């Protein structure tokens, strides 16, 4: 099994019960999650040796985030604690035709307000196979943009593969800022989760077709160091019903998984991270591309049927799901 | 913003969790609601100055009903308290092909058993733009039929528009009783929520067509004082899946909204009141009829996705729902 | 109304909330059930005089199982208590495309580990019209295979009809073991719940057609004592959406009910038992076969909309469901 | 074991969580209970054959009351169902120095508004050893006063002992009305739960001493047919902390149990009924008076530690409680 | 009834269930509160016309805070909404010998980060009898110290009485900062909630005695404008058991209420605010000092028995509590 | 920090809510625990490097037990998974004078039914400072008695200290069996949790005094290899109120901590394990005996205020508790 370091912010998520508006809620369910943390948990579930590097508040909430990660077997050795708060977000769950609504409350977190990169990078990446980070981290500040590049450079120096999930969030930075960062960062990237819209709006590739594989080809021309591109195509029938289909580009070839209907969705948050985690597992365990993309799509779909941000299924369970007709009672 | 008085009974609703029969329930969720109270809350959410006139039990449950109204900004100045109980109803929520079942327990309520109209009507309607009442109030007793007429007369005298929602309930009175009342009441009405079945069964208009606009035309001929008619057409696929489409008749023209699929329904109770409240908002804020009916249909649909009897969305949220593709996560 | 004895194990069921994996659950909902116990409750709900014969742990959990049965009016006079545990199973509810997962923990139960048949059989069957047992009991052990035959023999001697639900569970015994038992047991059976797969895999009838009535004809030729066969055909669209249609074979004729869509399913466990209970009710109350199969299919469908293992509807409610368009609010 | 008929109203109790005011509650816990129903359940728990005669609403709530009784093994053969509501009461639980507050909502119940005694009294009392009724039933109406006398007369005629719990409630009738009824009823009574205040305020016995045994002596002089008097003395330190001590008068002797501290109280409602039920058990099972009063006091104390109106302990558990030092973990 | 303006921050409080550590909690209960908001609600409960001036986040949480205030009848006309977050704090409830632990997360709130006083002060105080503010507001920033003085000055100019609760919090500012502020602010104050420790540590009065009345005398000498001082003395036996006794100084006289035992405490937070609210009610309704201090102590004690930050009892309920032996069931 | 291996069974605990009897419970709270697992978690909380060696069911419940351990940072490398069930126990929580009742259901667990010691002992103890096991493991079977000795021998060979908690459970083995085992095992033990009753009933030391230190002296004479003895003295006022005081014997001296009142107890289970864990921490971190026993007593007391089997406080929190007056709100 491989050794992986995931890096990014982990937040507290407070969720009102389905059918209850946030401003009416008398109880909020507590989850902890973040894009890279969710990927870390997926990889630990698949048997890899994963460490999560981040910084959390030195209080009960930061401790809870650590407990959450550890419960899945993720090492929290590089998880720092210090002053500042734990970034928080509130979720009013959508259902049917009503969209899910998120209220972010992440300013001033211990992670976002770090004054310097506090890890010993040589040590952090020693013996590590893959370093995973997402576009949310550089979106936090100008400093984090620089530090993200430093991290990628250190990882490459240590012989790590670099996995990057573009994960563009318009509330955090502009397309211009993101595009500028990508130009600097992508030369260090080996595995890249990005889609058609990223190509067009962040990298300025001209919109000529709906076929994502064409864009991957063009992105590969610009950044020949990137060996693998991947993304999901989501057809949104309603908040409760989606279709999902994964695509993987590798070595000039595009592999598309069979599409899944997800009906009804229990909790969509983290679906993309479950996909990324499973893609990385496919790459790290030498699955062939076709198996990898089928596995990753199934893993992403399964995530939608459990509450909380992270994938909670191991490899055997994902494989069983792929092979089952998936609606029998398993006695 | 306009000044509105809504008038009617407010009740305690006790609801078993979905999938649990009333006779098995160990916990019941508590809501407060009533047709006119729900309209009052909708209008307060849209920014109007709304007072709710009713009478509740002078005990903790009556106090809870008042707290409920006030939390939405509805004035409870004309909410009286006195002896008697708070009308109650129990809901066993349907799901899928199983219907929702309601057990009424409303006899002997403080409102239904009032001995006289206890409000100073001149004061109640001073400066008020619209007076809203529904057919449930006159259905309670012979006395309430008289008092409802007196209220309408006083409202008209004070220069108020009168809004009336027919809301026929066969368990409370016969079609004959209701029809007789309508003949007396409708001459005072400006805005009327009624549908094809009301026209046929309560007003005795001959059934000749399925087109509600024809009936509105005929009703308008009988009661030329009524400026606006409105109703929803609901196609029931199952308890969990409905289609809803609103119709508004104004000034000889019929306006029909785009139909909405509601799948799955979280709580259907109060959907009609959300529609009426939004229609009145359209009329009070001088929206054009087309906008009014689209807004009202959307507001009614949204209500189905939250628990409890009343609409909990403000104007901006309803408008956003109309414009969204309504199933994205709003980050 | 008829007098019925149902016989078999009753177990504790612990269920995680939908969307929560068993290994994450901090709360488990408690139900009690078992195939024959569920049939007993159905028949008591329909007004029959039903006794449940079993053995449970002489502790709080055994007492809870007894309370459960009694609450529906089932007599627990022949319910023994003694050492050993109460068989238990854990349910992770599926939803959408994710299957339901059951973890069995039933070894060493007071029932399964009985050393002898502890009932006075003459007394047990005195005046009883129907004795109902299922294939789960003989699957428990070699001893239980013998005892099941003894029970059937005693019942026949006492003039009881014998009802048998094949209920094959591959985790308990092999097809060979089950087939061998059936050869010995079926000659005592009057009413038999079994399907096409039972005929092929347990009775070794050659697979030639998909039509269950052909198999019933062949089974009847082998066991002419069996007057009635019945089963449901379930089309599984997903864990949340099934179609269900019942078939009854009687006197050489096959009767098929109208199919029902079940969307969404709240709790599928016990659906088959609700079907069997309702078939027995039809037989015991002299309904014509057509009515019996329609009633039983509707009863089975209704069970899917309530939590817990047993049917919770009485005859009037099932009939109302059959006649309703089943999605109106019943005020 | 003896055969007992308990008679009276059973009600729905809705309780807010401790620390939550009724007017703030969003969830209410559901219990069913009533003085005589609680006694019935106690006696069934102790192994007697108990039937409960009452009338409940013919709806889901009445059905729930029946399920509740049956779950403890109480026969509901003489439990009628019909129109009217189920009497209800709401409980705001006190704690510490804050008192518990009850909101009654029992008017118009199916029981209270019966038009005639609907039971065949000969049949009701055939073979019955004890008939138990309380002062709440005659307090409901003038008609119920007459019917209660008729029931007592019929019971005596059938050879039943009559057990009566005075249970005076000032919100239901005046001391004068209650006193007048007692004069007529007590001549039929064999076992009487009443205390010093009943003697003084209802029977007009002069207040001369604090010693309840003197009053029992005087009451016995007036009603020499009464063989046994009993009551508890409760010292209220706070809502959460009480002391309880039972007294039994029999055959001219007064027996007083050891006092118990109850700290903290979980649910006080039904403590007196648990006491009465255990006294009757002592009488019916020929315990000596000393054992009876110790048993009954312990049973009453135990009730305070469980939620809901009724005693949930069997004889062995009460005896174990009496002998234990009562605070060890029983592994 | 008087007209009151309360001013200060209102926060979201998230509380883990008793016995569950914050870092283990999977559910958090939601309350809204703040010192001055709690006082506002108390005064509204007592029938005064109260407005709450503050600024909250323009999101669902800010809306919830507004709903909370309105539900008690507090006017939110001067409640502003804008960018920034809603201050939050997390509570791990203590019990027995374990202390309650609070994790504050209030930085960057919409209120704390206001750039200027956004209210029209003339309008805010027009016709107002009392302006209430606490020491938490000036503790937020240097700017808020200035603005608090401006508010007091404007209030005095408008003819308002100024009520000030010192409410010193060492995590927000130093004793020096607080003392300096008090020197500037107290000359505007009419009613002052402060205690012995405030006198010694904030005002630099020499510690010579344990008797709070001596300190009040000395404080009055320094600030002769202050007509009334008040505070509670709390004896902490454990987190679950406290004794509370209020003291009021008025016109040279000290009035001390009878002490109350509070056992067990349900929720201590807001006890002091309930005291202040009740003192102001006594002053505004011309109770004599003796009655005022008894009323306020009782009101403060009652608060400890309900969950949430604010007093939920009206005047009649507080008076009933004072006169009751406070542990009877009130049927 | 030290390296520790704890060894023993871990079980599923299902607990009814306080005030609800097991046979009435509709929900059970889920915890995982066991004597040695609880000690492991305590030591991990205090910063040691702890591994837990056990065997659990290879199903969702075994996985949950692993997640539980990992969440506290305990390594589960030596946690095996295999066939068999997870031992289970059900808890009906006592309160006040009602005792807590435990229903064990642990037969046939994967751990108890192991066929051989499956760990490579050399590897298991490599570099380990302390090996901790309790008397529950040898109580499971004759085989486990042998294996426990083998484990102790291997630990000693590897240079480990052996910690043993006698933890006598009469439902698992007789005093004779336990005594015989102790004679064989204690020669390998360095740190021994045992009390006066163990000395008298298991080791046959004559009862001459109530002073535990005398027995420690005598036990030390028999087993001079044991360096440290420790135990708590618990005074049980009621299920809700206990006093606790720890004693430590070391090097011929007895150290007794200050006694603590625990009022009210939230969850007593695991209190002894919290004590043992904290004693080991004291020994491993070279605290002086006086500090160790004070720390351990405080840690044991704190455990009683949180739900679940394990201590959830770190060293700083225990120290803060010792120094606090322990009932202030910590803002």
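By letter and in written order, the chains are A, B, C, D, E and F; residue numbering begins at 1 in each of them.
Keep in mind that, in the parts below, contacts are C-beta pairs under 8 Å (C-beta built on N, C-alpha and C of every residue); 3 or more make two chains touch, one makes a residue touch a chain.
As the structure is a prediction and not an experimental result, all values here were calculated from the model.
Under the contact definition, chain B and chain F share the contacting chains A, C, D, E. Shared contact partners of chain A and chain F comprise C, E.
Distance from chain D peaks, on a Cα-centroid basis, for A. Of all residue numbers seen at the chain B-chain C contact, under half occur in both copies; the interface is built from largely non-matching residues.
Centres computed as Cα averages put chain A at a distance of 46 Å from chain C. Within chain C, residues 21, 23-24, 26, 67, 101, 264 each touch two or more of the remaining chains. Here, these are the chain pairs in contact: A-B, A-C, A-E, A-F, B-C, B-D, B-E, C-D, C-F, D-E, D-F, E-F. Residues 260-267, 301-302, 304-308, 312, 321, 324-331 of chain E are the ones touching chain D in the complex. Against chain D, in their complex, chain F makes its touches with residues 18-21, 23-24, 94-102, 104, 169, 171, 236-242, 264, 268-269.
Listed in rising order, the residues of chain F touching chain C in the complex are 14, 21-30, 59-61, 63-64, 67, 85-86, 88, 90, 92, 101, 103, 105, 107-108.
Of all the residues in chain B, the ones that touch chain E in their complex are 67-68, 70-73, 76.
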